[in-house]
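Letters A, B and C mark the chains as written, and numbering starts fresh at 1 in each.
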Amino acid sequence: MQRIKLAEDLTFSQFIQGYWRLNDWSMSVSELTEFVKQHLDLGITTVDHADIYGDYECEAIFGQVLKHSPELRSKMEIVTKCDIKLVSGKYPERKIGHYDTSAQHIKQSVECSLQNLATDYIDVLLIHRPDALMNADEVADTFKALKQAGKVRQFGVSNFTPMQFDLLQSRLDDKLVTNQVELNPINMQTTADGTLEHLQKLRVAPMIWSCLAGGRIFSEQSEQASRLRETLSQIAQEVNASIDQVIYAWILKLPCNPLPIIGSGNIERVKTALVSADIKLTNEQWYRVWVASNGHNVP
Amino acid sequence: MQRIKLAEDLTFSQFIQGYWRLNDWSMSVSELTEFVKQHLDLGITTVDHADIYGDYECEAIFGQVLKHSPELRSKMEIVTKCDIKLVSGKYPERKIGHYDTSAQHIKQSVECSLQNLATDYIDVLLIHRPDALMNADEVADTFKALKQAGKVRQFGVSNFTPMQFDLLQSRLDDKLVTNQVELNPINMQTTADGTLEHLQKLRVAPMIWSCLAGGRIFSEQSEQASRLRETLSQIAQEVNASIDQVIYAWILKLPCNPLPIIGSGNIERVKTALVSADIKLTNEQWYRVWVASNGHNVP
Amino acid sequence: MQRIKLAEDLTFSQFIQGYWRLNDWSMSVSELTEFVKQHLDLGITTVDHADIYGDYECEAIFGQVLKHSPELRSKMEIVTKCDIKLVSGKYPERKIGHYDTSAQHIKQSVECSLQNLATDYIDVLLIHRPDALMNADEVADTFKALKQAGKVRQFGVSNFTPMQFDLLQSRLDDKLVTNQVELNPINMQTTADGTLEHLQKLRVAPMIWSCLAGGRIFSEQSEQASRLRETLSQIAQEVNASIDQVIYAWILKLPCNPLPIIGSGNIERVKTALVSADIKLTNEQWYRVWVASNGHNVP
């Protein structure tokens, strides 16, 4: 498993295990512990969380593993996120989902995540969604305080535009270590709007969420999905792989050091995904997916 | 009244008195003088003009005040603008409205403004609209000459994109001190296209025009305006304020030091607006207006 | 003929002779040699090529001239391009058109161009289209190697956004010397999306392709083309020129040092185009074309 350097003292595994659907997996603590050990053995040492996943419950489920097997903590890098405030039975006073990047909320969210995850530090904390009310000075001061307190090692963002990234970066001494963005053959926006080029320029490796578009490529009745199914199937035959593997290989071909997040709790599907690191698509195969996605030839 | 620092030797009042409809107010010189003194007493010391307001007539109406009460000049900061060439009975040779950022036109426009306003200096001169023909070197040289001649103290722009701002800034030794942009609950574009984030990054305080969307929120028969009326009314009840005040408070909650321009010539409405500086909306209230404006929840 | 400095040791003629339709002109080698000498005599010393023009055949047709008259080589600056891979009978294995900015393809393409053009150096090599798979480090290393080998003097890009330009520039010691972009009264996008402002900021002179929109202004049955025909005809009468000349003058009025490419193989039409350098449109005339193109007045 290739490792990607995010900061002087921090590397991530090229593939990242995502835990946003963990509460759907119905695993016992020992089953989950087994799953974690298995993906660590495969070299997937980086795990992706957020305070809100599973209606604020996934972090605590994962924390049970670390509570019972604390020796696993040092073998992994934990990413978690803050700033989304969901409408939830747990917060009955909320009327709408919104964002909050105030010092108070970020600190509160980190305390909750530390407690839920049963750890005393987060490797990387991300601002989950850009917040029009973000005071970059306040966020930067908060990051600094969290780092000095030893609670968070490094910081990043998610779903940020280049301008939003530059704004926050302008107030920080340390580099933001990642921008977690959506990318899949159905939604190629970040390859077209400058997001990935900006990250390549800054040598910041993006984490990629929704690599498989939540299964829409397989099930959606749109012309785009239908074109993609046909093209991806052809390429899968050409390279002797599954469609999933072709999609991961298609993402890994980007020159910005993308770090795909795998969302499955099935260790066999996880193993299958890893094989894609060895599938080398040609430029033409990559662009055939581009054409199927966009519905027209390149200019 | 909070004061915002725009340059080493220049501060603005947080609220700015706009004079673009001055010729509709039908005030005598003494009535207008009284109005000016009243808003100065309220702490609103910054006034917003443009060469073209009122078909090129507003500046001269205001100038009557300074002609009769020259002692008021030092108590205010005058902003005015140039580069729009309006179709007007005063310029019968013009076929269409257009822009002109040539040295000749900027200098000519400043001379007219100085004479009309009955002052020997402008505090801040803005380029009113981005001009595709703008030669940034020529504009920068013109700014420099106007500053050295003591005719203009500082310079800014209006309705500029980040790229246009950076282009002009790249040729100037002094910082552009503001970008006057539109923002209101109907038109939130500058919060979404990077404009305000860019200004926050540069620590440049934007002046905000059309805060109340010219009354469209109250009168327009669109679904958006109707959603906004309902949401703003609810929030107004929650914070015990008027809808106008909620809108100003909603703008002031942005982290980029926005400077709202008040367009009313009614001193009671002006006083009412100022109260909004003390209304603290929650993040959730701010985003409820976002949702009403956009017609969907945040991502 | 005005000359524009692109680098310390490189100037271009303000007008550039384009050879993308050369294989349609049905010229003998001696006719083409005569044509080249004629435009050199007019001061047009810069010629625009690409590996793919005329289904990969134009470069070699032009190369016949240099083979028979090698003394002409030092009198011109040759621009050519790489990275598009066309569907072509010459490459029967290709399924779709795509891009390739790998070191291997760029070097291979340059070798072909050098051989086809019968020259041992290219003055400026452009990346023809932005490639989502561009590894900027790899391209930069390739540029460096080609320069050190004396095969290419300077480098540029074509159809790049500001972000794509900045990405590649960030890896280069030398400045990219141009960005060749489309601009004409039908397609004004590069005047509105920041492309030309970014180039003005960097003092990079853009080459302009499709100045006459491939004749669409004269023939197209759209409302836009019809408005443009009317407005351009009026302006042509006002300045006593042809519509073509008005269009070139309209492009040359931009403040970013645009370098229009002339695509005609008819020396009389070429001469006609050059006259436009002496036609000075007013700002209002320029914006009348803007209004005809956009279908509404300026804001």
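Operating definition for what follows: contacts are C-beta pairs under 8 Å (C-beta built on N, C-alpha and C of every residue); 3 or more make two chains touch, one makes a residue touch a chain.
Nothing here was measured: the structure is a model prediction, and the numbers come from that model.
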item	value
Superposing rotation of subunit A relative to subunit B, computed on C-alpha atoms, to nearest 5°	120
Fraction-based call for subunit C against subunit A, same above half, different below	different
Subunit A and subunit C, separation of their C-alpha mean positions in angstrom	42
Where subunit B touches two or more other chains, by residue	none
List of subunit C residues in touch with subunit A within their complex	85, 94-100, 102, 129, 132-136, 138, 159, 161, 163-164, 166-167, 170
Of subunit C, residues touching subunit B in the complex	162, 191-192, 194, 196-198, 200-201, 253-255, 283-284, 286-288, 290-291, 297-299
